[in-house]
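Each chain gets a letter, A, B, C and D, in the order it is written, and its residues are counted from 1.
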Amino acid sequence: MPKPLNIGMIGYGFMGRAHTNGYKRVNDFFDLPYRPVLKAACARDKDKIQAFATNWGYESIETDWRKLVERKDIDAIDICVPNNLHKEIAIACAANKKMILCEKPLAMNTAEGEEMCAAVEKAGVANTVWYNYRRVPAVTMAKNLIDEGRLGKIFHYRANFLQDWTINADLPQGGNALWRLDAAAAGSGVTGDLLAHCIDTAIWLNGSITDVSAMTETFIKERTHTATGQKQKVTIDDACSFMCHFGNGSLGLFESTRYARGHKALYTLEVNGEKASLKWDLHDLHRLQYFEYSDEGKMRGWKSIHVSDGDQPYMNKWWVPGLQIGYEHSFVHQVADFLESLGKGTPCGPTFRDALETQKVCDAVLSRAASRSWKDV
Amino acid sequence: MPKPLNIGMIGYGFMGRAHTNGYKRVNDFFDLPYRPVLKAACARDKDKIQAFATNWGYESIETDWRKLVERKDIDAIDICVPNNLHKEIAIACAANKKMILCEKPLAMNTAEGEEMCAAVEKAGVANTVWYNYRRVPAVTMAKNLIDEGRLGKIFHYRANFLQDWTINADLPQGGNALWRLDAAAAGSGVTGDLLAHCIDTAIWLNGSITDVSAMTETFIKERTHTATGQKQKVTIDDACSFMCHFGNGSLGLFESTRYARGHKALYTLEVNGEKASLKWDLHDLHRLQYFEYSDEGKMRGWKSIHVSDGDQPYMNKWWVPGLQIGYEHSFVHQVADFLESLGKGTPCGPTFRDALETQKVCDAVLSRAASRSWKDV
Amino acid sequence: MPKPLNIGMIGYGFMGRAHTNGYKRVNDFFDLPYRPVLKAACARDKDKIQAFATNWGYESIETDWRKLVERKDIDAIDICVPNNLHKEIAIACAANKKMILCEKPLAMNTAEGEEMCAAVEKAGVANTVWYNYRRVPAVTMAKNLIDEGRLGKIFHYRANFLQDWTINADLPQGGNALWRLDAAAAGSGVTGDLLAHCIDTAIWLNGSITDVSAMTETFIKERTHTATGQKQKVTIDDACSFMCHFGNGSLGLFESTRYARGHKALYTLEVNGEKASLKWDLHDLHRLQYFEYSDEGKMRGWKSIHVSDGDQPYMNKWWVPGLQIGYEHSFVHQVADFLESLGKGTPCGPTFRDALETQKVCDAVLSRAASRSWKDV
Amino acid sequence: MPKPLNIGMIGYGFMGRAHTNGYKRVNDFFDLPYRPVLKAACARDKDKIQAFATNWGYESIETDWRKLVERKDIDAIDICVPNNLHKEIAIACAANKKMILCEKPLAMNTAEGEEMCAAVEKAGVANTVWYNYRRVPAVTMAKNLIDEGRLGKIFHYRANFLQDWTINADLPQGGNALWRLDAAAAGSGVTGDLLAHCIDTAIWLNGSITDVSAMTETFIKERTHTATGQKQKVTIDDACSFMCHFGNGSLGLFESTRYARGHKALYTLEVNGEKASLKWDLHDLHRLQYFEYSDEGKMRGWKSIHVSDGDQPYMNKWWVPGLQIGYEHSFVHQVADFLESLGKGTPCGPTFRDALETQKVCDAVLSRAASRSWKDV
């Protein structure tokens, strides 16, 4: 029988739901050494966190995260609050020997991230960051194919994350739902929110990024702030592109924006190797596109692999071939892997240390975009 | 607070898991008058049903379905056993005033289905049949678009359900996993297993089917039976096609097979109307293809609608635009609708009576295929 | 240097242009023993045929096809007139020892086709019928793959040809452009116009069709006839479906209609074999979809082969990989193959005899649909 | 009757064929004031140019382009030779009052391009550069939609041109077929060969590019030179990416490579506007993808427009809806537009002056990539 692992959740928003769903479902489908128990949920607004706890079945609530972090009956803390709060909470968790599952990005910047890494490593607590897309089965399969050497030498890596939900100039910034438009809470705009996902996957699949050149843009210069009711300068990046080199000699090209009309959440990635190439996108996340040069010449083409068979990553836990799973399963998988690692005493990537690498690239991108030295045509 | 509704589950196979997942998840995402309680799971094999109950959290087990059906603490029975057992169990449920959620197809044949309908209607118990594909959001959306009159007069309805998992001649028939290859347990082959889904959706979207002409084939004539260890004649249909007329004057064309190499579970449907057409397939179940004639001429084309927005069926309960859900959610939706209907005292389609219509078409198809009078070329 | 081959063209419509383009372009791209010379174009309307001849560079015109057929300076006659004229012209051509390139379908019915075959075979003149889709490179490639045994035993063949151009009830029947809606000129509706293409390809790829069961429909019952200005009964089939067996034991399913809103000219075909499957459609005619079971399990998927490489059929004559050709090239290829065959003294399929097989299936389909004996549900 | 326009073709390679095909076919399909006459073909190798002239029907040959340029019976010169010869020939043409149709890119660099523009403008001769992709119907349609204001304010423009034909390290550089790998003949690698196409279309669709930041790479550092038989340093760019701003405030992202395994000639472009977005790619050049925000919310999606109808650009000249054209037709269209413009006395874009803008961007990209100042991560 799996041992209980008591979870304390801080936050109740979109990610609070996604993570909680992961905790609740994981033992139905995976055979694991631990079983998450929804011990307590925490937020400043008592009514809201009570409603959340009732809906999802948390046993208790707290309105002060410091109290939660100190509770003896909590084994692991899930940090699902805006980025500007990650550091303080994480360090307190470490001090109280709590395991930490922290929403991405790790921190507001590299300096914060360094402190967080130091804290968890000193405390020796298990830690992981919710870069969930690693555990979409098609993406995990891409990782396996690359690690098996099937692509050969890599020449190109390209990724983008395109959305269109902030085109409306009347959308305010700040507040509960829209803290992502407020640099004070989010640290940055699309760079930390979207590109961070692309960078995490890229480093995982293709190794370290060594240098960057970048461009950012803020299309809507002022938005009403929900805190003040006043028009205020928008300080986040609405769009960000960067070019880079990887340590393995391949070239990277990344783009993210919230102004790509027609794309809801189109995270795409493509890797071109000497022997094979692969592509994936989030809008059809159950498919992996694959091209193999060793095929007989006239028979070559891009293959659309419907990742729903038992011999494909994670899929022996779910249904039968042809029946797709969705977005939320990536969180279930991360919980499963975290619990599995816990049983073995091994780290569950991306750890804080792994996520720090992504943070460094984000910081380099933002600083490079700021110190731009373009050439006029 | 939702009232408890005590569920008794008979069976523990693939569908037992899919339905149970529906019961466990529904209140996390839907605001409903009832909350399913996993009261008891039942099967003849004590060890297996105990393992199932432990895994999924059923409070108790039974090894005799008659006992389960008579238990006072059970409100609703879920029938997840081979087709040849549906009738007897359902009639016993009705006699004991239990609600029934019955796996499809309703029965072995129309005669059985008539008895079952009579029983539940006489007893006045809530009943529904798990034709789950109605509640894939893209399919529900198709229903809404048709009902709104957007397609205009319908000319054509075509559907198929293509699989390839029985091509191997060494696959046996009968037994736990393979009762679908044994007509004694399944009633028919692809007709009841796959075409029944296509027919249910078709009647729901496009109205009654009035006449049929059909063709069946059994490609592998003999397979070892797991019960006897002997080669026995295969009595199911491996493939079945039929042409039909609908009551609204449109033409139907249906095909199903387990010998379509390359298709895992490709259920596709297309409806062509005077003003618009739509298409859907199960391998990308989160997309609806739509063509609208009223578009400006040069701008016409098939639109791929990513059904993941809050204004699309069921999707306000899940994540955010662009993040897809999967197969299992269709069962969650059916549970949600069943509980909602229960609160209102209205039927939750497809009821036994609705499913009987599908059964009649299946029977007509099989009989028509048997009495074939082809013309030689 | 290629020898001249003097062409006499009867007709100047859509197919007159498509065939003429084939004659004019073929020697630019193919190294051949013959060079078509546009010697004469013929039609009853002198102004129209003169305009056509001037536009395309025919050296002379005729207004009586009998004169053309008797001209000593003509080697080959291209029959591009409505179906009801094919027989008489073809027999006259044979009597005058002219080669014949006849537009499809071969004839109004099997009886006519028999006469035509007898005539050309007795006269020993080269003959071919313009079932041009055989020579779309992706379709030719499908033929090669099947002939190489790559698909193994065939289980299923399905094809449809979907259009939507006659949905408007105000469209008249008869006359120059719309003779296809008039059974007196066309013989049948979609069966001879569209299904004939599907049948020709099917027989070529998968062998003979042995028996059929069919359904036809005429959705718009009356249309104004352009000859009389009166509303007259529509005598063609607007839609036709049929099921069949092939001689190799596989099952066929065919459908054609001009009432499938959203489809301009969607000819699709799919073949499912034990070892592999393939698909093709006319709207993206430069692509072949291929699924191979012998792939490593987890890597299986449908491959989209962009048929534009030099090692793919006909493509070494055109551009470079990635650059697609289009519809008209199928006619260029048929001219090339006809001239090549002429040089070798071999037949160029589909010959009249080949096309007669298709005619027989069309007749069986129409007769079977007429003598329908459906089963009520 | 159209007036003759005598063409002198310099070169006989891939582009010599593509242009010649354009001249030969254009009057069959377009009603024009001029008719190209294939007067003379020219190249140093007498046997080769004679074979080319014979194949395509050129009336005469020359082996010295200076003689051709001086011939009184030539109206227009088509320059289809490596880039390093464009300038000298074009200036001689202008001096001899010949019209010029010059293969892209215009020149080796901006300085050469300036001289060429000055020469043709001083001479007042008609001139155009073969950036043929502007005249793929779907691309022309994109231009029309943008010009009609349907996309609204533009936020993003992205394009790439991906190939994989030079991955093999054994491929030599230089010589007839492979001058594109030799910077001395080509000026640059993918920048002038592939990105130049992307830039031309981008400026045409989205206006001027104001500044750039770029990255280039040469993956294979040495290749045998066909002229010397020796391994020599490769001086072209194998891959090139750049970010840019457009004058309208939108952001651009461009990439090109010959090391993207699996892509034969995948030119793709996407434009994201406030009201609509569009996408196109060369591997399915007959389709335009379009997303319109003004659609009813739940009905929004990307529409695949099959550009084959008479109300779409150029398509009233070809076949019927659903029947696609291909790559070569873009050249036919450019000839048609050139002749139409000639009749009206208007320029036919892209003129030399238009192409100079593209050249300037190419030069800026290459210089920016060379003077890179990256930031280490």
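Throughout what follows, contacts are C-beta pairs under 8 Å (C-beta built on N, C-alpha and C of every residue); 3 or more make two chains touch, one makes a residue touch a chain.
Bear in mind the structure is a predicted one, so any value in this text is a computation, not a measurement.
Pairs B-D and A-D differ in how many C-beta pairs touch across them, and the larger number is found at A-D.
Taking shared numbers over all numbers used, the chain C to chain D interface scores over half, which places it in the same class.
Note on chain placement: the centre of chain C and the centre of chain D lie 36 Å apart, centres being C-alpha means. Computed centre separation for the pair chain B/chain D is 55 angstrom, with centres defined by C-alpha atoms.
In terms of their C-alpha centroids, the spacing between chain A and chain D amounts to 41 Å. Shared interface positions of chain B, defined as residues touching 2 or more other chains, are 263, 300, 302, 306, 309. Those residues of chain C lying in contact with chain D across their complex are 14, 18, 21, 24-25, 27-28, 55-57, 163, 165, 263-266, 282-287, 306, 308-309, 318-329. On the chain A side of its complex with chain D, the touching residues are 155-156, 158, 162, 164, 167, 208-215, 217, 219, 239, 241, 243-245, 251, 253, 255, 257, 259-263, 272-277, 291, 293, 300, 302, 360-361, 364, 367-368, 371-377. Across the complex, chain D meets chain B through its residues 141, 290, 297-306, 309, 311-312.
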